[in-house]
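Both complexes below contain chain A, partnered by chain B and then by chain C.
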Partner chain A sequence: MSSIGGRVAAVAVAVVVVAALIGFYVANLTSSPPTVSAQSTTGNTVELTLKTEAAVGPQGGNPPWVSYLVKDDQGDWVHSTNFKVPAHSLVHVTVYQFDGESGLRNPFLSQVQGTVGDTMTVDGKLMGSIPPDEASHTFAVPQLNLIVPLPGVHEDAENQCEDGPCDLSQAHRTITFTIRTGEPGRYRWQCFVPCAAGFLAGFGGPMQTIGYMDGFLEVA
Partner chain B sequence: MSSEALARPLWRRLIGFNLLGGIVLGVAGFYFGWWLGHQIHAESLDFFGDTNQNDVALMLGYVFSVVGFLIGLGFARYPLARMLGKERTHTENEHGGSGRYFGLCTDHKVVGVQYLCGIGLFFFIGGLNAMLIRAELLQPSPQIFGAGNYLTLVGLHGTMMMGIMTSGVLGPFANYFVPLMIGARRMAFPRVEAITFWLLMAAGAILMTTLFFGGFPTGWTGYAPLNDQANFGFDSYIFFFALVGLSMMLLGLNMIATIITMRAPGLTWSRLPIFCWGAISTSILMVLAAPVLIAALLMVGFDRAVQTSFFLSSAGGSPYLFQNLFWFFGHPEVYVLALPGFGIILEILPVFARKPLWGYRIAVAGILGVALLSFFVWQHHLFVSGLNSSLRPFYMFSTEAISVPTGLVFLAGMATLWRAKIRYTVPMLFCLAWFFNFFIGGASGVFLSDVPSDVATHGSFFVMAHFHYTIMGGLIFAFFAAIYYWVPKMFGVMLSERLGKIHFWAMFIAFNSTFAPLFALGLMGQPRRVVTYPSHLEPLNIWVSVSAFVLGASMLVFLANVVYSLVFVRKPAPDNPWDSRSLEWQTPTPVPIENFERRPIIDTDPYDYGVPPVPLVPPGPAEAPAPG
Partner chain C sequence: MRRIAIAWFVLSAILTPIVVAVIAPTLPPGNATEASSNQVFDDTVLLGIVTPIAVALGVYFAYTLIVFRRRDADPAEEGVATRDNPSIHLPWLVGTIVIVLFLAIFGTVELTDAGAGGGQGPSPAFKLSGNDVMPVQVIAQQWEFTYRYPTYGGVETAHLELPVGRKVELHVTSLDVIHSFWAPKLGVKADANPGVDNVAYVEPEEELSFEIHCSELCGLWHGYMFDTGQVVSGEAFAEWISEQQQVFAPATKVLPKYSTQYFPEPERRGG
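After this line comes the complex of A and B, so read on.
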């Protein structure tokens, strides 16, 4: 290709190809689980239904990792930790907890904080805190001062779910609580129980990865 | 490629032993290994949908992909022919057009160009990762990539730069110019020379596949027990570094054999160009250090795939052992990166200072001294890892002692510049910047070799600033000096001096603006490899990120210069545009396949500038050698 026009065309094509490759690369790295909206009920009230599984299984890119899932409008479980809820509203949250007990290192986090009434229900029983040793995970949004400890399935429970997808017929705890949202914003939530099995001191891996034990609460 | 072959249509030329064939067989080999691994590892037979990590399958996939890649390139033809008793030529694809750059070629000049382009590609990918890292650090909490992908980016950047750039100078420049400098026709083992390049490219491609398997969280050091806990993506790290180690080892062996056995008559050790001293000392480090890395990675691979426990404390192994093995390779590797820079700087300085290299023997002693001492300092990386405290003083003093031979190199360089009539060409500017950067890198290194200050700064941005000053400020500035200096011989065209100077000043200023503040950030407590930081450090981080983006833009200026000069302007380079006395510049441009019409006989030193008569240098269009 000896003409100037040919050379310009070759360089232009090369630039476009490189730019496309860079775009693909960055898009791959910035890809995030989908944001799932809470299901609206009446007035300013919505329902957010979650579950936690000890190993997410083939639903996730890292099958052995502990993870949260969320129920979408169709009633399907979606592997995501990005939730969208309306501003200035009540959010009823239900968590089906299939993971076992691993214990809190900081007992302070065993107290329910930031929910309506600073309480929650565990298997239908109203509670303001749980024994720290029974905690499996927390649903915590530090910027909203919200901390909800999630008790784990007892060690001797029958029919435990080891790998996802877990079914409600298997051993689980049911936790419900209500939060009142304020101004719109994007708030980070995460689990504060070092629950990353197989990782040093329980940290790393799913504990730091969006889509597993870490995500965003989008208040819009 | 013969003229008959060139006459064939393009699609027909694409079929055969070349890069395309290598890629096809490489991909096929991967799937074969993946399938085989699942047959062996019977727990999970589902392709890509299994719930267990089948490291055996992935590792076998990588093994067979590399084997297939090399077969596709044509590396099996020669040994197979010899095994079948057939005679084959010792050369491969040395004649012909541009097709020889995309396959196995035994011409050292082609391999040098292949290295320059291949390493350049991965250097820019590594640089792109650095830009993404700094984009994430514009804010105190993760907003763009998340913590997991951030760690993968940091790991990819560090691993790629530290792995690929080990051959950053020896690959392109020593392969191309050492035979010319010593008056040889070729390298000692041309096929080995070729395979070192293609192994490196296979390694780079394998490392990038980590993105498909979840990345890896360990940074470039790959410490235990993180390396055992990490998901699938870490297997690519193992194979990347193992292949890089293999490539380094073979490259080093070939270089040592070439310099020892193939020097022209009269080229005594005391007349050997200083760049060749840099190359041979680097090669010795490569040959001695790389096997340790390969062995350590093999053990990690076994720990992950077949449940051995070399490095797992829970099963009687020792994570500390991995740190020792890694740094026994890792610290000499730092000098694998630095020593070629020494050679380049001292090679180029006399040309543009128009003076003999001051203290040639002192400079050689400095280079060899650094190489020797580099094997006795590795445990300074382990001061806070549980190292027996009674060993600390030895490693502290051995590390600090390395500044003595380094000082000899500085002395030789500085004294060469003393009262010189310096020509401030682009290569010379990069050389002068090297002194500034490497001095800061070396001086800050004293704080890290000193136990009390290392304990305070270990794992912080201070460490990161230090090694970027030594490796980027040292190696990469020398790398660019070499590019601007030798590209006229390699490609037969001159790079634009004006764009080169813009590139230099932008890079030099932005480099210092990026990395000097990292010393402060480190002292203020910002740790490495952590995506979050205290909000009061945000302004300085923004400054660093913006500077890093300018640094990245300076690389685009360089790319623009390459495209402008090599694609559009194509200003022909004279045979010896810098009036150098070194042997490689006495050849015609482009350099003939045979290098020299007849074997040269050396009867002068390469740096006798101003010492009449100067028989080797033909009168050129540029400035004549300065008297005295």
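After this line comes the complex of A and C, so read on.
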């Protein structure tokens, strides 16, 4: 009898352990950052405001990791890389870039592609490309042929932001560009700069995780 | 044994021509390039050999199930062990040797046809003949392919376009981890290894759109690492590459000198 009781207990424990593992998987490993909508302005035009930080700090699950953040319609910064924009619209994107220079593996990606006019502004200056070594990140949607290289904060800049949250009183670059959306769809976007500090060749951790240097652009 | 042989012969005589003449030619990758046509031919030959073998197995299996099944009245006991049956062993041995040797020779001969669309490493043993071979570099990185045309000023493009009827020498490499350039319709598949120049040949024979996929698990967006390429007329290609040279002139200026392999710098962030 005790043998049967022991077996039942063992099975019950096993069931609980398996259920706990499934619950942990569902709760933690299948979760996705929230989708943040671009802020509507006039007509078919919206504003999407992003920032990058060298270390996201307490806003993220992995404080030392480099990350993008997005501003929601309340004006608050949200740790997410999933953005929603309307189809057949103009999206004015502003990126406040607080991270330093890392450099592109492939200099081809230093040229702006896919924006309106194939240009962007950097600190108010119109540019079509940047020196590859000055790239800190890219905002790239390969399926839409969109590549925007983001220059980094110079090494000798004062008042640099080491850990998030960073604010505009600290050293940063301001990049703006406009994209014209087409048909609805869910498009992945990514950073092409190997910017993951502490990972092999800079390509691990945040470069491989949605919510940091990768995400989705939902065109709806 | 005789009944099995007759059934096998009849079924093989019916099915093998159907498989070889009707089914095999319609299988992927099609006939867009010499390499893909050769792959269809290879598959046809293999199916022509495999079909009688599969029929033999099927016939024997069915015959066994029917003839040697246990009847209700039969006792449940093992049959008599049989040994040393030359009429079975000899054909089995000879047939297997002939088939395996044929496939070894056939496969080797087929590979000599410019590598059969596969990557041959930096020193390809089997090359396309002729001088009019256009080099195109395929550069893989997480998670996009780009393409460089050294004979057109070293311009790099985001998409692959090839002229029909032109022999192309693909130099496949990677800037980070291992990827694999796979264009099924072209019959080309070559691994992209960092620091390695993997050469593959292709000669498009018709104008078409073709898909390109990475076929080596390479990270988060591996499943999204695809592209659509085009085979176009010579005139259209000349127009396109000229346009690319103009559009990507700023990027071309800052590209490193063309090389068959790259060891990218900087790696300031990487460990």
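The working rule: the second predicted complex is superposed on the first by the 194 of 220 C-alpha atoms of A that agree within 3 Å, B and C clash if a C-alpha of one lies under 4 Å from a C-alpha of the other, contacts with A are read in each partner's own complex, and residues count from 1 in each chain.
Methods note: contacts are C-beta pairs under 8 Å (C-beta built on N, C-alpha and C of every residue); 3 or more make two chains touch, one makes a residue touch a chain.
Nothing here was measured: the structure is a model prediction, and the numbers come from that model.
**Student:** In this superposition, which partner touches a larger number of chain A residues, chain B or chain C?
**Tutor:** Counting residues of chain A touched by each partner, the higher count goes to C.
**Student:** Now for A:Q208: first (chain B), second (chain C), both, or neither, which partner does it touch?
**Tutor:** both
**Student:** According to the stated criteria, A:A27 is in contact with first (chain B), second (chain C), both, or neither; which is it?
**Tutor:** Touch status of A:A27: no partner.
**Student:** Between chain B (first) and chain C (second), which does A:F108 come into contact with in this model arrangement: first, second, both, or neither?
**Tutor:** Second partner only, chain C.
**Student:** Would you sort A:R188 into first (chain B), second (chain C), both or neither based on which partner it touches?
**Tutor:** both
**Student:** Considering each complex separately, which residues of chain A are in contact with chain B in the first and with chain C in the second?
**Tutor:** The answer is residues 188, 198-200, 208-210, 214 of chain A.
**Student:** Spell out the residues on chain C that touch chain A in their complex, using ranges where they run on.
**Tutor:** Per the touch definition, chain C meets chain A at residues 139, 141-144, 146, 156, 158, 175-177, 219-221, 224, 248, 250-251, 254-256, 264-271.
**Student:** Within the complex, which stretch of chain A touches chain B?
**Tutor:** Checking each residue of chain A against chain B gives 4, 7, 10-11, 22, 25-26, 28-30, 32, 55, 57-58, 61-64, 163, 188, 198-200, 204-205, 208-210, 214.
**Student:** Over in the complex, which chain A residues touch chain C? Could you list them?
**Tutor:** Checking each residue of chain A against chain C gives 101-103, 105-111, 113, 128-129, 131-133, 140, 142-143, 145, 147, 188, 190, 192-203, 207-210, 214.
**Student:** Chain A touches which residues of chain B in the complex?
**Tutor:** 49-53, 128, 132, 141, 144-149, 151-153, 211, 214, 217, 225-226, 229, 231, 563, 567-568
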